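Written out below as structure tokens is the structure these notes cover.
In order of appearance the chains are A, B, C and D, and numbering begins at 1 in each one.
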Amino acid sequence: MTTVGRRVLRALTTGTPVHLLLGVLLAALALTDPGFYEPDRFLSFVKRAAPLVILAAGQYLVIVCGEFDLSVGAIVTAGVVVAAELYGSFPAAPWPLVTVVLLLAGALAGLVSGLITTLLRVPSFITTLGMMLILEGAVFFWTGGSPHGSLPPEFRRLGRGTAFGWLPWAVLACLVAGLVAVRLMRSDFGRTLLATGDSERAAALAGVRVARARTIAFVLSGGAAALAAVLVGGFSGVSAQAGRGYEFEAITAVVLGGVVLGGGRGSVVAAMAGAFSLQALFTLLNLQGVSGALESTVQGVIVIAAVALGAADWSRLRRRGTESTGAKAS
Amino acid sequence: MTALRHDASTRPLAEALRTARPRPTGPVAGVWLAALAVTVAGWIAVAARGGDFLTVTNAVTILQNCVALGLVAVGQSVVVLSGSLDLSVAYLISLGTLVAAETMESGSVLVAVVAVLALCAAVGLANGLIVTGLKVNAFIATLGTAFILRGWIEDNYTGPAGKVPASFQHLGYDRIGPVPVSLFLLLAITAALWLTTRRTRLGHHMYATGGDEHAARLSGVRTRRTVVTAHLLCSLCAGAAALFLAARLGAGAPWAGTEARYDLESIAAVVLGGTALAGGRGGVAGTLGGVLVLAVLDSVFNQLSVDPFFKNVVRGVVIIAAVALYARGRRTPQERTA
Amino acid sequence: MLTMQGVSKSFLGVRVLEGVGLDLEAGEVHALVGENGAGKSTLMKILAGEHSPDAGTLTIDGTVHSFSHPAQAQAAGIGIIHQEFALLEHRTVAENVFLGREPTRYGLVDRRTMERRTAELLAELDETGITPRTSVHELSVARRQTVEIVKALASDVRILVMDEPTAALADHEVDRLCALVRRLTARGLGILYVSHRLREVFDLSRRITVLKDGRRVTTLVTRDTDADTVVRAMVGRELGAYYPPRAGPQEPGEVRLTVHGGGNSRISGIDLALRAGEVVGVAGLQGSGRSCLARALFGADPFTTGTMTVGGEELRPARPREAVRAGIALVTEDRKGEGLALHQSVTDNALLVTRAVPARGRPSVRREVTALLERVRLHAHGADQQVQYLSGGNQQKVVIAKWLAARPRVLLFDEPTRGVDVGAKAAIHTLVRELAREGLAVLIISSELPELIGMSDRILVMSEGRLAGELPAGATEEAVMRVATGGDRAREGAA
Amino acid sequence: MSTRKFTHVLAPVAALLGAVLLVGCTSDTPPGAPAAGPSGSPGEPGSGEQSKFFDRAEYERQLGLAEVTPQGPAGKPWEQMLRPKLVDTARYRKKGGGGIRLCFSNAGVFNPWRQVGLKNMRAEAALHKEITAFTVLDAQGKDDKQISDIQELAGQDCDALIVSPNTTATLTPAVEQACGKVPVIVFDRGVETDCAVTFINPIGGYGYGAVAADFLVGKVKPKGKILALRISPGVDVLETRWSAAKLAFDRSGLDVVDVKFTDGDPARTKAIVTDALTRNGDIDGVWMDSGATSVAAVEAFEDAGRDVPPITGEDQQDFLQVWKEKKLTAIAPSYPTFQWRTPVIAALRILKGQQVPKEWKLPQPTVTQDTLDQYYRPGMPPLHYAMCGCENLPGFPQKWGGEK
């Protein structure tokens, strides 16, 4: 086996299927709708995808270190409702303050999830499932079912408005979040996070503060969810179900990007590409006029197929892998 | 391996204790004790407000409320302890009620029961094959199946459909003495699953596959077959839940399974019952206890007229706390995190 | 009894086995040796039904078989004892022994028969420390091995494949295992014995087959050959001096690490001092606390009593991170589980420590990684390759590189050459010596006494969690064993 | 390489390609092609086939009711009734003194409409000193639990039982059981039994859908392109709204270019509207089956730099506000939340032995340009429903989350 061959195969297994899928979908979009690549239209597509992309980046951090975050949807809902509730009580609150408060609150929710998961050793699936129930319950309990205030235009600018008259702030936010995520994964912290997801014991014995790294991942995921909440709230206003289903969409996007549940493998770029693919798929289905009801069926089939494709390649490599590791043991 | 190594000489006492102790493991006893504790606490709380918690009616209501979730959850525990997961049960139940009610309207009850079970078997088989054959992570595989079922339901049904004849509604409403007949269905299925998981080869292989798939395979266990069977059993349990719900609702409803979030609720009940989410440990007996805890909690909330939103907060806390307690109990020096 | 002919197997176009033939007779031990990557594991896996061969035939008692699942191999009478045990930790011994072929009555698993048969088999092997209802996670490694053997015996195997059965055992346990193997052959079992340890191979086997690069080099009758011939066949060249020369009588350097009265739940009363430039060996039986000592020094399973100094400053590390900061490094015995992040690249693994515990003056850039990898003589296709694809020896070199990147002052090795082929072994030995010469304090734990004696400037011997004695360089194996077993007070049944 | 391994790779590839092709293939079909439904008459091109829920007699009855002048006190629509057929309730008269215990089995509070409604009901119950206990059990959207709730309440010493069913068909047996023990009042959705003393509801979905559709028919140029946004398929009350609207559109010659489900998610709604604009060039009117996402639809037009075409919504505060501020051409039919007050009133009448209508039809006012100022009330929360009839209840507006 040549190095090149291996490299190609490795590239295939780490993310290329999603880039292929994204390419196919984007080409299909271009065929369906020739105007899709006009700057305005395309930017608005990116704007629409921004919350999911940011959620996927956050979810990636958690998944890659071997955990789940099912609470992101609830954080988005809670974020939107809390923002409206804050504005209900303090109509004059400056938007940067509210935004920062939301981001901190999201990070706090992530911190709690992270600490429960790492210190109390509760599987994160359960921690974040519980967190989801708690957040949804608490927020609506607090607001009596629906928030008192509405979101003022200044606050909504980030999700709705444009910079320089043409560049949606959301695209900018998405870009910044994406760059930060990529930088992060290239940093020492990012590499140790990957190693933690790959082998917790090896990481711990190399001096990695495993619990801390994981908790930080949860905090970042919570913060990313809060940022998504700001965008979603800005994009579409107050809604009591702003974040519904986002947790599964984000996980789907990440997995679609070839990131392996269980940790240690996959790139954040591929995860975000997964989010774009998902959004492109929704858009394509919309533009094709596929019956709304069938959309989820198509989505289900594509998700299973794409992941199976990744898994198929991967399983062959894995055999190769067990062979080598086996050989080493003999 | 170092972490696994012990000085053998310190072990005999522990081994002796271990040998002497009968098999039921900690969490099972724990969750039933918790159910008892919640009942007592609820009784005190309700009594303090001048109510009466431990009435026959109330007890019957609690038990009745266990049935649907119980049926799904015992099935879910079989997949979970085999190391898999099923997120498609909620939509499968919805579809099951619809198929049951429609078939009963036009055909016989028997045909309907067979149709629902066949449908569920097919979905379970598909889930199992996607997980084992295509090697798609169970989380994603069953989520995908859920999406597919959802599309199917939304495309084909525009609301409640079908009608369940009175003869079949007995399953949902009749009682023997104070005990609802459906409870016997739940107990029968649970007993059957308990026997299957604990006393048959299939069950041993499920624990083995969930505990360490590689080791199980090397030992000659047909791990794929085992996982597929587990998915099959889980879906059939979802089918039983669908039939029960159809009997109780008198019709099929597209939201029969989803509004109640049977997917996540059943997993919550499973882990509440002490089954490890990673598989290999736990069992259906504990799950039933977990379901009971949730039902008793619900009833207490009802009696105290707690805000429904606040209920969710408490449920979330209870689930996390319970699993944290199990994790504490399981924490041993040689615990492997891999 | 068993004949394999012309067996070939490729993975992704890489030929791993090519036309290998092998035969096994009833009642014989046939040893299979070869360097890493020679194809031994693949051959075994084909025999076990884990892989199916691309070409070639497998005949048992005249019947041609082709397995696609381990269950079929079992049914054909082949039992495998894997180096990494195939045991379920949270199930009982009996459940493990009969896993995959539980006896049933009326369709239900017959627990009583299962436990009775297990007890009988355990009794046959004179194993008194295990009961059928013991949960496996409570057993020591050596006992788990016994369970594995019982498991194979329970299925009426006629062909038993043992993959590095002694890798995890201390010498005295090895003797016990050898006795066991002889009893099994006496019963008429054919045993295919895969091992790196030539001593056992010569002790036990009737014939030796040598594999190299996926081909069979030769099959020798043990009686008519010697170790040199076998090694030559394995590596295709003469190996020079087996161990690099010691530093010789020179002034030991400054004291790098001391412990006084160190202890925790497993070990107690530890007093030792490591000096710069010396290689200190630690010997002891399985379970004597050797690894516990290393882990305690490293803060992984910290000391709870006593005092410790590192580089002259008082420090008793409570977690690995503190030890790393103080300049201590630990190469653990479980390379795959504790040493490496298998799906990460060589570079990422090599930089793991420096990234996790950043400090000034340590390399964290790729350029310096290259220098490091050269230093440990890593033969890899590139620094971006995932370490899971490397051979055991190269993986171990990555682990060492990872620690060298952190510029440690004290280096602890736990079984540095386990599962490492002969060539890489020598490279590692040379490297260890070099490092000591450069002023590191080195502590080596090894179950292989020749290695330990060959490498160490002095040898500490552990027994029952204590330091039972210290021997100078060049001590004999007998001397070491005498101390390790507590003089004449041999620890019966301890393993 | 064995064939088995190859199929591992092949199967997903095939499925993936298949899925992509499936998406690609549909481009040949006309926009808004009918989804394959289980049965029903072939639909007119453009808007899909008629739902099997469509009930022409009921449709005509509702349209008729909309024309009727309600009986009852003016200004208190929650006490008004349309074409009442009064029934005698003397046998339910509560004998002896003591307070009244009222019980309520609620389907859930899973949307703002129900949240506002429940507040109305609680406030109404608090108005009456004779009600000493008001027990609410919340089924959280689970039919199964609501059945148990009804059984539980029927087993307690409630003087009257109010039921707001989660699903029409499924609660029938439970309600029938309860009818034998306690006077039952059903409202909002019905059940398939007439054992309840009274069934309270406004005119209904056909009326709602028709009002909105007729408005568009009047405002949009002939052959104009209509976008229909629905929450989700399979919800009976929403299906009736759509089938009435469909009928109106098919008659009018307006072109329904898209029927889409929004899941009640504003973000999705914006995406759908944006895509619809792309696909069809322009949209001349938007019909919505409920108000939760109308503001999002309006914003989608704004964000695309288009004028907002005639649009329908609901009496939700945020929509009314946008309507007023942006001077939209709009209409907001309502499914009034004041109907939550009526069951309490009905219960008291029944327990006093006074006559109540067998089916208590409430008026279903519509917010039009003319009445917008009457219903729009600044300071109320965005998800508040204007048609709450709660303005004079104690605690208004704070209890409803508003400001003085």
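Here is the rule we use: contacts are C-beta pairs under 8 Å (C-beta built on N, C-alpha and C of every residue); 3 or more make two chains touch, one makes a residue touch a chain.
These are the chains along with the protein names UniProt gives them: A = Autoinducer 2 import system permease protein LsrD; B = Ribose ABC transporter permease; C = Ribose/galactose/methyl galactoside import ATP-binding protein 1; D = Periplasmic binding protein domain-containing protein.
None of the values given here were measured: they were computed from a predicted structure.
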Smallest number of contact steps required from chain B to reach chain C | 1
Please name the chain that ends up farthest from chain C once chain centres are defined by their CA atoms averaged.
-> D
Pair joined by the larger number of C-beta contacts - A-C, B-D = A-C
Between chain C and chain A, distance of the C-alpha-averaged centres to the nearest whole Å = 42
Where the CA atoms of chain C average out and where those of chain D average out, how many Å apart are those spots?
-> 70
How many angstrom between the C-alpha centroids of chain D and chain A?
-> 34
In chain A, what residues contact two or more other chains?
-> 145, 199, 201, 291-294, 298, 301, 304, 307-308, 311-312, 315-316
Chain D touches at least 2 other chains through residues 8, 11-12, 35, 109, 233, 261
For chain B, residues contacting two or more additional chains | 3, 134-135, 154-155, 309, 311, 338
Chain pairs in touch?
-> A-B, A-C, A-D, B-C, B-D
Given the complex, residues on chain C that touch chain A span 11-14, 16, 34, 36-42, 44-45, 51, 83-84, 163-164, 194, 298, 300, 320-321, 323-325, 330, 332, 334, 336-344, 348-349, 351-353, 355-358, 364, 381-382, 384-386, 388-393, 395, 402, 419
Chain B partner, complex, touching residues on chain C are 48, 50, 69-71, 73-74, 80, 82, 85-91, 95-96, 99-102, 104, 107-109, 129, 131, 133-135, 137-143, 151, 168, 266, 286-287, 289, 291-292, 295, 332-334, 337-338, 414, 464-465, 494-495
Name, in rising order, each residue of chain A that touches chain C in their complex.
-> 1, 3, 5-7, 9-10, 188-189, 191-192, 194-195, 198-199, 201-209, 264-265, 316-317, 319-321, 323-330
Report the residues of chain D in contact with chain B in the complex, numbered from low to high.
-> 8, 11-12, 35-38, 51-53, 108-109, 135-138, 140-145, 147-149, 151-152, 155, 166-173, 177, 232-236, 239, 261
In their complex, what parts of chain B are in touch with chain C?
-> 1-9, 11-12, 14-15, 18-19, 195, 199-201, 203-205, 207-208, 211-212, 214-222, 280-281, 332, 334, 336, 338
